[in-house]
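Input: structures, listed below.
You will see chain A twice below: alongside chain B first, and alongside chain C after that.
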Partner chain A sequence: MAAQFLSQLKFKFARESSPDVFLESSIRGKQGWDKIWEKCLALISLFSVSIVFSIILFLVIEALPILSKVGFKELFFSDRWQPTSEVAGFGMLPLILGSIWVTVGALVLTVPLGIGCAIYLSEVAPIRMSLMLKPAIELLSAIPSVVYGFFGLVVVVPLAEKFFHLPVGQSIMVGSFILAIMALPTIISISEDALKSVPKSFREASLALGATRWHTISRVVVPAAFSGIATSVILGMGRAVGETMAVLMVTGNAAVIPHSFLEPVRTLTATIAAEMGETAQGGLHYQSLFLIGVLLLIITMILNGIASFIVQRVHQKNAV
Partner chain B sequence: MNTLVLQTQKVSLFYGERQALFDISLDVPKHSVVALIGPSGCGKTSYLRLFNRMNDLISNTSVTGGVYFHDQNIYAKSVDVVKLRRKIGMVFQKTNPFPKSMFDNVAYGPRAHGVFYKNKLQEIVERSLKQAALWDEVKDHLYESALTLSGGQQQRLCIARTLAVEPEVILMDEPASALDPISTQKIEELILQLKQKYTIVIVTHNLQQAARISDYTAFFYLGEMIECEKTEVMFTNPKMKRTQDYVTGRFG
Partner chain C sequence: MALQVLLFKEFTKKMQFNFYTFKKVEEKIALVILSGITFFILFVLGALIYFLFKNGIHVFSVEFFTQFPRAGMTEGGIFPAMVGTCYLTLGAIVVSMPLGILTAIYLEEYARPGWWLNLTYLAINNLAGVPSIVFGLFGLALFVKYFEFQTSILSGALTLACLVLPIIIRASQEAISQVGQELRHGALALGTTRWYMIRTVVLPQAWPGILTGNIISVGRAAGETAAILFTAVAYFYPKLPTSLLEPVMALPYHLYVIATSGLDLDKTRPLAYGTALVLILLVLMINAVATVVRARHHLKMEKI
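Showing the complex of A and B:
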């Protein structure tokens, strides 16, 4: 998601910085091959947009019937998620809370770590050090999520059992921990870019006033980069909310309302992944899973919206 | 003769292998304005930045010779750069107010040094802005962003920000080069006033400006200091031919 967002950003910048090139190509494209190319490209982009819309449409159509059959109140406020029992319960509250707990836990761990790391890379680290660290951090985002899950299950879960004397180590805490690691590269790289784009003159002005380096970083550099850092956190949050496989493997798969970070839980995403295989197409259970999909879509859309709102606001501010 | 505030003895500056300044010796007396002039790339800004160790921010620089502030070598190991920069403030060529309110800009230095009482801060901000001849223009909107000010006002805000720290010396790196004539005039009047309390070293491209405001002028060329004289002597009767060629506009 972050990558997609970044590519959108780059495209925006490219367009704004070189309007002439775009103007030229549209004039030249009036004849021959150019016109055909144009049409092909338009078709391709239309295709990808239409896929997004058909996914949304599909999700909504499949999910809609359950809203009227079970009712809004039970769906969102009941704590009983037992879609396969005699008296089926479709209360999604435990799943929603599960997602929230795991995500919040992940943020608590990853935000200070990620921002601290970004500050180190952009402000403190000598060039050689950051040349070494950066590829390592990028590697974090290249690891498949199932590998993270596996690592969590084999290494972190037993550690949690030993450390907190838990009968079962799969818990919110472990899920948050794994998600925190997974969200790190997003937060670090976007925050670092934001910090690096703070003008050198601000740093010089602050240091020349006899401020220490730490004071300069905390009072001038970080506030000036705030919107970029906030964006990185929101995108990292999106990553955490949407992650499925790793979370499914380490959080214990219990669809009950949690009361502490040491309890097992089940997130929205994990529910779809775990139960999709055992539902009958068109049944209530099937439809409820689609409703979860719609819910996830809405959450990530809101997060993305906030992020691009912040980016836009910064653009306007810089333009003045 | 006044006491010396700043002094360099045979100071040389290196950017990696490249030598940028060659054996420069110069004295700066108290309450004087010393102008550094010379064509672009002659090392006058690099020289200015020796005095508050701003060149430290560029990796791979090294300094030989002595730079003295009240007879204390500021490149000695025991020197605390943060304390040094409280004593020797700097105003930059490009105006660089922080993206904060005017009040927060001026109060930045005092806050960095541990002044937090609101009354005390207000007093410092008012005094500094008055000294920088900006108070009457901004006193009613101190809490608006500093970026709403004009270029000339921004530069005076930056000067106020420097004054708020109560330094002894103010280094100015072409403070008026990006400003219109009227703003430039205001800055020059300001420098002449500040001279009463502070010692000022100013880099300028504008020879008339150097002639108008400085007591001493030093002419730099290709990393060497060709000549340093009282300003009236420098502009009327320089010893060196190259200085004469430059101040009369034959090259530059």
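Showing the complex of A and C:
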């Protein structure tokens, strides 16, 4: 009763003293809520960002013990990866080399194809056509990697056996081919963006000087978009290094150092996928697989770092 | 002397002519190669889809979609794998969608430029580049082992949520940043608060773009194998899961299993073709929906 009276009195008093006080206080209240909202959103985004750091943290924690138990030298320079044998060997060299072979093979195929397609879409094809082709390229990136792996297994592997007279068709070459297809959309879409962002005046100037269309593309547009194209190649490379399931299904999984593109191989990613299911949690083998994970993380972060460094430098150059 | 000049003129004319025809031929060849490359890529995509359709379509039957696998995966259907994939994808999107969209709103509308924002971008960019198998290891270490969720839907869905988070954040950021600055200024000039402005002006405009990003990430989560390999899936699980803490079967993993490690590969091949076709159809459908949403938005924008 008393409280009600008091509030009524306040109401009356406030109304008489200043007619705008209500409006103002309601705004102030809303601004206060806005501040609280801002803090909440900041907290949420902090949480999202912290995922990256917790990935690093947890992988390193799980992998760290093996560094002290098995020497650094054996881990990275021994070629014996036999983690389940009596005298376990944890030499990651064959796996690292396997990843490098497959990735290099994929890049050799995918870079000319990807850049060529990007040039065609942005410079040559009529607008309507490139608008129709773009969803197809996007579809290429949406197809799950197991489906690519399955396609490789039932189509490309038998083809490789037939053409190269291999006893077993699962080899670096098939892995590279499948990875090349999978890295294409990354390279095409980023390169195309880079080519599209070259100012129209560059092309007009070149054509006005009497250069042909191809001359304009190869000497003016592509060099101007070079940094974007380089970024796309690096990100495509990151995609190829990190790809797991397709590679696991088509490369044959032999943890030995390869000598040609026709031999089977086992990559870093495939090793984790193939062996983690059979290992005891917390054992040396388990830790070694986490160490491979850390290695993959470092590789992709370096590649990402290079890509964003290039992008940043271009931005600075454009700003000047 | 005059003759010499004349000859020289003739000679240079000829040279020029040759030079230009050479250039023309070079251009023709280059353009043919470029279009050849593009059509080769389309051919590979078409071959992949056609091949799976041709071999997979006759596997489709009521039994295939409603039965459990039987007789060492050589008979029966993929029903539990479809249900499992639904659970995992739904769980992942329920967690990552609000998280991703709210993070994007903060980054685009509230955060001030500075070292913290740079660090955030760096983190999100890196998260987008992390291989999916590494997400799987992370899920194993954090959700399965540390939180003791074991191999379960919960662990798998949370791992997938982390995986698609950067995709959602980036797509939402792009959609939000494309909303015209003058709309924001107009709303703020009317005396609204920032959050009210975001809710009533920015989000309705950016919504189709945000939705497209989310739809695409659904496809990503549904097709992902490596991330759920150690966190959620079972080789074979005889019943449908009844709680979040049970393992499930999932379509992509099921395809991997029956494609590589069946007892009788020839007998399981038809089922593998069918499963692959289901995955492809799922992806085609999701992409079609995303494309339609985007196209409708573009039409609406043009009308305005």
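As a working rule, the second predicted complex is superposed on the first by the 290 of 320 C-alpha atoms of A that agree within 3 Å, B and C clash if a C-alpha of one lies under 4 Å from a C-alpha of the other, contacts with A are read in each partner's own complex, and residues count from 1 in each chain.
By our rule, a contact is a pair of C-beta atoms (placed from the backbone, for glycine too) under 8 Å apart; a residue touches a chain by one contact, two chains touch by 3 or more.
Everything numeric in this text was worked out from a predicted model, so none of it was measured.
When the two structures are aligned on the shared chain, A:108 is found in touch with neither chain B nor chain C. When the two structures are aligned on the shared chain, A:212 is found in touch with chain B and with chain C.
In the overlay built on the shared chain, the residue A:297 is in contact with chain C alone; chain B does not reach it.
In the superposed model, A:146 lies in contact with chain C only, and not with chain B. After overlaying the two complexes on the shared chain, residue contacts for A:224 are found with chain B alone; chain C is out of touch. For chain A, the partner that touches more of its residues is C, with chain B and chain C as the two candidates. When both complexes are overlaid on chain A, the residue A:204 reaches chain B alone and has no touch with chain C. Of the two partner chains, chain C is the only one touched by A:44; chain B is not.
When the two complexes are superposed on chain A, the residues of chain A that touch both chain B and chain C are 212, 215. By the touch criterion stated above, chain B contacts chain A in their complex at residues 52, 54, 57, 59, 82-86, 89-90, 92, 94, 96-100, 108-109, 111-113, 147, 158, 161-162, 165.
Note for the complex: chain C touches chain A at residues 23-24, 26-27, 30-31, 33-35, 37-38, 40-42, 44-45, 48, 51-52, 99-100, 102-103, 105-107, 110-111, 119-120, 122-127, 129-138, 140-142, 145-146, 162, 165, 169, 191, 193-196, 216, 219-220, 222-226, 229-230, 252-253, 255-256, 259-260, 269, 272, 276, 279-280, 283-284, 286-287, 291.
Interface residues of chain A facing chain B in the complex, by the touch rule stated above, are 127, 199, 201-212, 215, 219-220, 223-224, 320. Residues of chain A that touch chain C in their complex: 27, 30-31, 33-34, 37-38, 41-42, 44-45, 47-49, 51-55, 58-59, 61-62, 112-113, 116-117, 119-121, 124-125, 133, 135-140, 142-151, 153-155, 181, 184, 212-215, 217-218, 235, 238, 241-245, 249, 269, 272-273, 276-277, 281, 289-290, 293, 296-297, 300-301, 303-304, 308.
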